[in-house]
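So, here's a batch of structures to check.
You will see two complexes here that share chain A, one where it goes with chain B and one where it goes with chain C.
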Partner chain A sequence: MTALRFVFAKPWLWSFVAAFGTWLVTILFTGGASTLGLSQAALTFAAFSIIVGLGQMFVVTLGPGNVDLSIPATMTLAGTVALKVMDTQDGAILLGLLVTLGVGIGIGIANYALIKLLRIPPIIATLSSSFIVQSIAIATNRGIRIKPPAVLAEFSIASFLGVPNVAWLALVISVFAWVLLEKGLFGRWVSAIGQNMRAARLAGIPVDGVRFLTYMLCAVLAAIAGFLLSCFSGGAALNMGSEYLLTSIAVVVIGGTAVAGGFANVPGIWGASLFLFLVVSMLNTYGASAGVRMVLTGVIIIAVIIAASRKAVR
Partner chain B sequence: MTATTTNPVISVNGATKSFGAVRALAGVDFTVHPGECVGLVGHNGAGKSTLVSILNGGLTPDEGTIALNGQPAVRYSIAQARATGLRCVFQELSLCPNLTVTENTRVAHRGLRGFGWRRRARALIRNKLDDIFPGHGIDVNQAIASFTIAERQMVEIATAFTDAGTGLSLVILDEPTSSLDAGLASQLLAYIGRFTAAGGAIVLISHILGEILSASTRIVVMKDGKVVADRPATGFTIDSLVGAMGSVVRTREGRGAASAATGTPVLSRPARGQAGRAFRVFPGELVGLAGLGGHGQTDMLVDLYMGETNAWLPRRAAAVAFVAGDRAEDGNFPLWSILRNMTLTLLPQLTRLGLVDGTRESQIATDWRQRIEVRTKDMSNPILSLSGGNQQKVLFARALASNAAVVLMDDPMRGVDIGTKQEVYAMLRAEAQKGRTFVWYSTEMDEVCQCDRVYVFREGAIVAELAGAGITEDSILAASFAEAAA
Partner chain C sequence: MKLLTPDRLRLLVPALSLAVLLGAVFWLQPRTMSYTGLNLLFNLAVPIALATIAQMFVMMVNDLDLSMGTFVSFVACITATWVQSDPLLGYGALALCIAAYSAIGVVIYVRQLPAIVVTLGMSFVWGGLAVLLLPAPGGSAPDWIRAMMTAKPPFVPMAIVASVLIAAVTHWLVMRSSLGVLLRGVGGNEKTVRRAGWSVLRARAIAYALAGVFAVLAGMTLVGLTTSADANIALRYTLLSIAGVILGGGEFIGGRVSPIGAVIGALTLTLAASFLSFLKISPDWQIGAQGMILIIVLAVRLALNRREQRGARP
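Now for the complex of A and B:
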C-alpha cells in the first residue's frame, strides 16, 4: 500500500517502469542473446539525450513559453568548430573543449539577448538564432568531415566497468544538475520563476540573471553533447543534432517535469531517455518498418504521458 | 417584526458538514427573510465560508435540511439556487480578465442570449454600476485586465445585482468592501439599504465591524462551526461583537510621540506634479500611504522596490522586502510548501557555495511558524492548503525573516480576520521598535492611523503629509477628496 502510494507520488517512476518493460520485452524476443549489447547501446545513446534533456529541463521549468529550440544547431556548431580547431591532434583536446564551452556560452548570451533586448518570445528567439547558428556551422566546415583526435574517438566509444564512458559523463552531469536543482539556491530560484515570475521578482530574486544563466546552461550542455556526439560518430555532420530537438522536449515531458514550469525532475530524464531509445530498438527487433515505428513511437509516448499524469486526477 | 410573518427566502436547519476529521459546521440554523440584511461574522475558520457554500448549493450538508420560500428543497444545487434568485459575490474575484465588462455580464447571466445580447448586457450592467456606484468612471467595453482591483470588485458586485429576467431574491456578499475605499464602501452600503427596503435580502460578510453594524438589520455570529449569537443589529456594539466572536479587544497602543523624522532618509522619491510632495522615509519609521484605493500607492511601492533591487545580480542581504496584498498575483508560489514560500527571501543568507542549508532553513521556518501562529500541522503542506489569512501570515514571515531594513507592504490585510490583524500590528510595532522601517499602504483607516507619518495620495501624486496627532480620519479624508469636492 505504502509502496503503491510511493509509486503514484513519483511521476518519474513511470518512465523507468516503461523503459524496463520495453527492455524486457526486447530481450525476451531475442531469447536473452542481446542483453549486454542492447543495454550498452541504450546507455550510450540515452547519454546524449540526457545531457541535452537536462538543459532543456531547466529552461522549461522557467515557466510557460520557455523552451530552447536552438539545441540542434548548437550541437552541430560545437561539434564542427571543435573538430576543426583540434584538427585530429591529441594535443589540442583541451583547446577543443574550451572552444566547445565558448560556443555554448556565446549562443546562450545571444539567445537571452534576443529574448530580453528585443522582447521576442523564447520559442521564436531560439528558433531564429538556430538558423543563424546552423548557417555558421555550414560556413565553418563546408561539409568536410574532420575526424576527431584518436584519443577522444577511443574514449567516446570505450566503456569503464561495463558502462559506456559517455554514460558515466552523463551521470556526473546529472548529479551536478540534481544538486543544483534540489539543494542549490539556483534551482529554487528557477522553480520560483516558473511558478510566478512577478512574485519571484518581488521576493528579491534576480529574475533576469537567473533566466540568463539558465539559457546559457542549456546551450553549454547542448554544446558538450554535440562535442561528444561528433567524437563518438567519428566526425561532425551538419544534421547530427536534428533528432535532438524533439527528443530534448520529449524526455523532459515524459520524465515528469511540469510542462507549465515550476517543477523539474532529474531522474525522470534518465528513465525517459532510456525509454525513447528502447522503444525504437524494440520495434526494430520486431522488424517494424520505418513508418510503423514512428506511429508506434508516438502512440507509446502518449500512453506513457497519460499513465504518468493519472496521479494528478487522484 | 414584519420579517417573521413572511416565508424566509432560505432557511437551513441543523446543518452539519465535516471535511475528513475537521468539523466545519456543527449543527447550524440559519434563516434569511425578505427585506433583511443579515450580517455574518466570525474568525477565519469559524465556518462562514462553508455555510455560504451550503446556501448557494455548492456543498451538500452531511445532515440537516434546506427550505426555499418555506418549501423543503430536495437535491438542492447551484442551478436551483440561481433559479431561486440567489447570487454570490466572493472574496476571490471570479471575473474573466480577458473579457470586457459586458461579456462578463453575459457569462454570469445565461438569459442574455440571442440577437442583440451585447447591447442588452451593456445597458444592464451600465445602469447597475451607475445605480450602485454613481460616478464610477468604468468603461464597460474595456477588458477586465485593464482595471484596478477596486474596479474589478465594483464590476463583480454590480454583476451580481443585475437581474436579467430570472429574478433576484438574495445576494450573499463575502467581503465586498475589502478592496474598496471608504467612499465606494459607503456607496455600496447605501445601495444595500435601498435593495432591502425594496424587499431584497442580503447576507453580508465583512471583517470591518463598523460596516456590519451600520448595514445589517440582524447579526449572526459564528464560532467553531456553530452560531453563537443571533440578534438584531441594534443589540450589538463593536466590543460586544468582538467579544461574541471570542477574541479580546486589545486597546490601541499608541506609538507614543512620533519618531523624529531626521537624519538621512533610507528611501526617497522626488515630488510629482504641481501640488505633489516629496516622499522620504527615515530609519525606524512606520510610514503610511493613504488615500482612495488605486491612486498610485501600489505603483509607488513597486517602483521603490524595483529601484532598490537588481534583476540581474543577486544580493546576499536583501535591502528591502515586499509584502504582497494580491497574494495570487504577487505573493504565492502555488506548487510549493508553506516552508518554501516562507523562506524564499531570506534564502541567500542561508546559502554557502550555492547550496542552501536545509537544516537551518527548517529551523527558521519552525521558529517563525510559532511566532506568527500559522495554523497548520505540517510546514510541508502546500501553501494553498492554508486559509487566506494564514497565507498572508506566511508572506509577512517571508519579509520579516529576512534581514531587510525596509519592509514595503501593499495593503496586506485584505480578507484577514481581526485576531490575525491584531497579532500582525503587534509584530510590526515590535519590529519598528528594533529599528526596522515600514512603508504601509492600507485601505483601512484604523491601520493608517497606527503610523508615525502618513502620505495621502491622489491621482498618482502625494498631496498631503500628516504626522503624529495630525493623523486623523478627518484629515486623511479631507486630503483624499479635496479636489473631488471642489
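Now for the complex of A and C:
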C-alpha cells in the first residue's frame, strides 16, 4: 500500500514506466538483438531533449503563459556560429564554447527585454525574437556546412563506461538543475513566482531578476544543446532545432512538471525524453511510414497529457 | 460623441500601418498601383486572412492554436485530392475535420489542458495525415474554387473584395451577434458566463468549430490560388495567423479581439513580404523583418495602451 502511494505521489515515475515499456516492446520485436544499440541511441538522443527540456522546465514553472518558443532558433544560431568560429580547429574549442554561451546569454537578455520593457507576452516575445535569430542564423550559415573540430566530433559520439558522453553531460547538467531547483534559493523563488507572482513579489522575492535569470538559463541551455547537436551530427543545419520546439514542451509536461507553473520536476524530464525517443524508434522498428509515425507521436503525446491531467486536477 | 474611442484607436494602428506600408510599396514600385498590381499584391492574403480569423476564434477563448499551419496544409491536401476526385468523401472529410476541431476545444476545457501543448501535438497528427494523403506535391484544384479565386470583378480586385467580405461577415458574427458576445464573454470572464447560466463547454465547442470552419476555408482558397497542394504548403500560417491577430489589435487573454483588425493584420503581413522584396532585402532577412514588424507594432500599442489607461484614470 505504501509502495502504491509512493508511486502515485511521484508523477514522474509514470514517464519512466512508459519509457521502459516502449523499450521492452521494441527489443522484444527484434528478439533482443538491438538492446545495446537501442539503449545507447536512446540515451544519446534523449540527452539533447533533456538539456533543452530542463531550460523549458524552469521557464514553464514561472507560471501560466511562460514558455520559450525561441529554443529551436537559439539552437540553430549557437551551432552555426560556434562551428564557424571554431572553423574545424581543435585549438579554438574554448572560443567556440564561449561564443555558444554568449549567444545564449544574448538571446536570453533580448527575450526578457521584450517581455519586460515592451510588456509583450512571453509566447509572442520569444516567437518574434526567434524570427530574428533564425534570420541571423540563415545569414551566417549561407548553406555552407562547416565540420566540427575533430576532437569535439569524436567526443560527442564516443561513450564512457558504455554510456554516451552527451548523456553524461546531460546528467551533470540535470544534477546541477536539480540542486538549483530543490536545494537552492533560486529554485524556491522560481516555484514561488509560478504559484503566485503577486504573493512572491510581496514576500520580497526579486521577481524580475529571477524571471530574467530563468529566461537566460533556458536560452543558454538551448545554446549548449545546439552546440552539442551540431558537433554530434557533423555540422549545423538550419532546421536542426525545429523538432525541439514540441519536444522541449512535451518532455516538461509528460515529465510531471505542472503546466500551470509552480511545480517543477527534474527526473521526469529524463523519463519523458527517453519515452519520446523510444516511441519513435518503436514505430520505426515496426515499419511505420513517416506519416503514421507523426500521427502516432502526436496522438501519444496528447493521450499522455490527458491521462496525466486527471491526476493533477482531482 | 467621442470620435476616438479606445476601440477605434486600437483599430487605427493596424489601419495606419497598412496604409503606410501600401504607400511605401506604391512609392517603390508605382506599377503596383493598378488593378493587376493590387491583385498580385494581395492575392495570397485571402487564405492568410481566413487562417487569421480562425486563430482569432481560438484566441478569443484565451487559447492559442499552434496547429493552424499543419491543419490548413492538411485541408489543402484534402481539397486537392478527395474534393476533386470524390466530392462526397472530400466534403465528408472536411466536415470531420471541423468536428475534430470542436472536439479538441472540448477536451482542452474538460481536462483543463494547456492548449499550446495539445495543439502542438495535433500539429503532428495533421502533418502526418497530410503526408499520408499526399506524399508528394500534387493534386489539382476543384474547378469552382479555381474559378472563384481567379474571378475578376469590375474595378476592385477579387482579393480585396474577399477581404472586405470576410471582415464584414466576421465583424457581424463576433461583434454584433449574441453568439459573439457570449464567446468574447468566455474569454473575458469564464466564471461569470457560467454563473449567468450559459454552458461554457458549448461556447468553447462552438468557438473551436468556428475556428475549424475558417481554417478549412483557408485551405480551400489556398488550393484555389496555387492549383495544387503539398503537405507543407501552409506551415508558416501558424505564426502568420498569430501575428495577424496581434497586429490587428487582438489580445492573448480577455476575449479582446477585432475581426476587422485581424483581416487588416493579415493584409499587412502579406504586404510586408512584398515590401521587403521590393526593398531588395535578401530573403534571408525576411522572417527576421517580420519579427521586427511584430515587435514595433507591439511597442506602439504599449504606448497607446498607456495613454488609454491614463485616460481611464484621470
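Throughout what follows, the second predicted complex is superposed on the first by the 307 of 314 C-alpha atoms of A that agree within 3 Å, B and C clash if a C-alpha of one lies under 4 Å from a C-alpha of the other, contacts with A are read in each partner's own complex, and residues count from 1 in each chain.
As a convention for this text, a contact is a pair of C-beta atoms (placed from the backbone, for glycine too) under 8 Å apart; a residue touches a chain by one contact, two chains touch by 3 or more.
Fair warning: this is a prediction, and the values are worked out from it, not measured in the lab.
Peer 1: Under the stated touch criterion, which partner chain does A:L114 make contact with: chain B (first), chain C (second), both, or neither?
Peer 2: second
Peer 1: State whether A:G291 touches chain B only (first), chain C only (second), both chains, or neither.
Peer 2: A:G291 sits against chain C, while chain B stays out of touch.
Peer 1: Which chain makes contact with more of the residues of chain A, chain B or else chain C?
Peer 2: Answer, by number of touched residues of chain A: C.
Peer 1: Is A:V179 in contact with chain B, with chain C, with both, or with neither (first, second, both, neither)?
Peer 2: A:V179 contacts chain B only, not chain C.
Peer 1: If you stack the two complexes on chain A, which partner ends up touching A:A158: first (chain B), second (chain C), both, or neither?
Peer 2: A:A158 contacts neither chain B nor chain C.
Peer 1: With both complexes overlaid on chain A, does A:L98 touch chain B (first), chain C (second), both or neither?
Peer 2: A:L98 contacts neither chain B nor chain C.
Peer 1: For A:L245, select first, second, both or neither according to whether it touches chain B, chain C, the two together, or no partner.
Peer 2: second
Peer 1: Looking at the complex, which residues from chain A come into contact with chain B?
Peer 2: Those in contact with chain B are residues 179-180, 183-186, 188, 191-192, 195-196, 198-209, 212, 258, 262-263.
Peer 1: Which chain C residues qualify as touching chain A in the complex?
Peer 2: Answer in residue numbers: 64, 107, 111-114, 116-118, 120-125, 127-132, 135, 239, 242, 246, 252-253, 282, 284-292, 294-295, 298-299, 302.
Peer 1: Where on chain A does chain C make contact in their complex?
Peer 2: Checking each residue of chain A against chain C gives 65, 67, 114, 118-121, 123-124, 127-132, 134-136, 138-139, 245-246, 249-250, 253, 259-260, 289-299, 301-302, 305-306, 309-310, 313.
Peer 1: Which residues of chain B touch chain A once you look at their complex with the stated criterion?
Peer 2: 302, 305-306, 309-315, 318, 321-322, 324, 329-336, 340, 344-345, 347-348, 351, 354-356, 358, 398, 402
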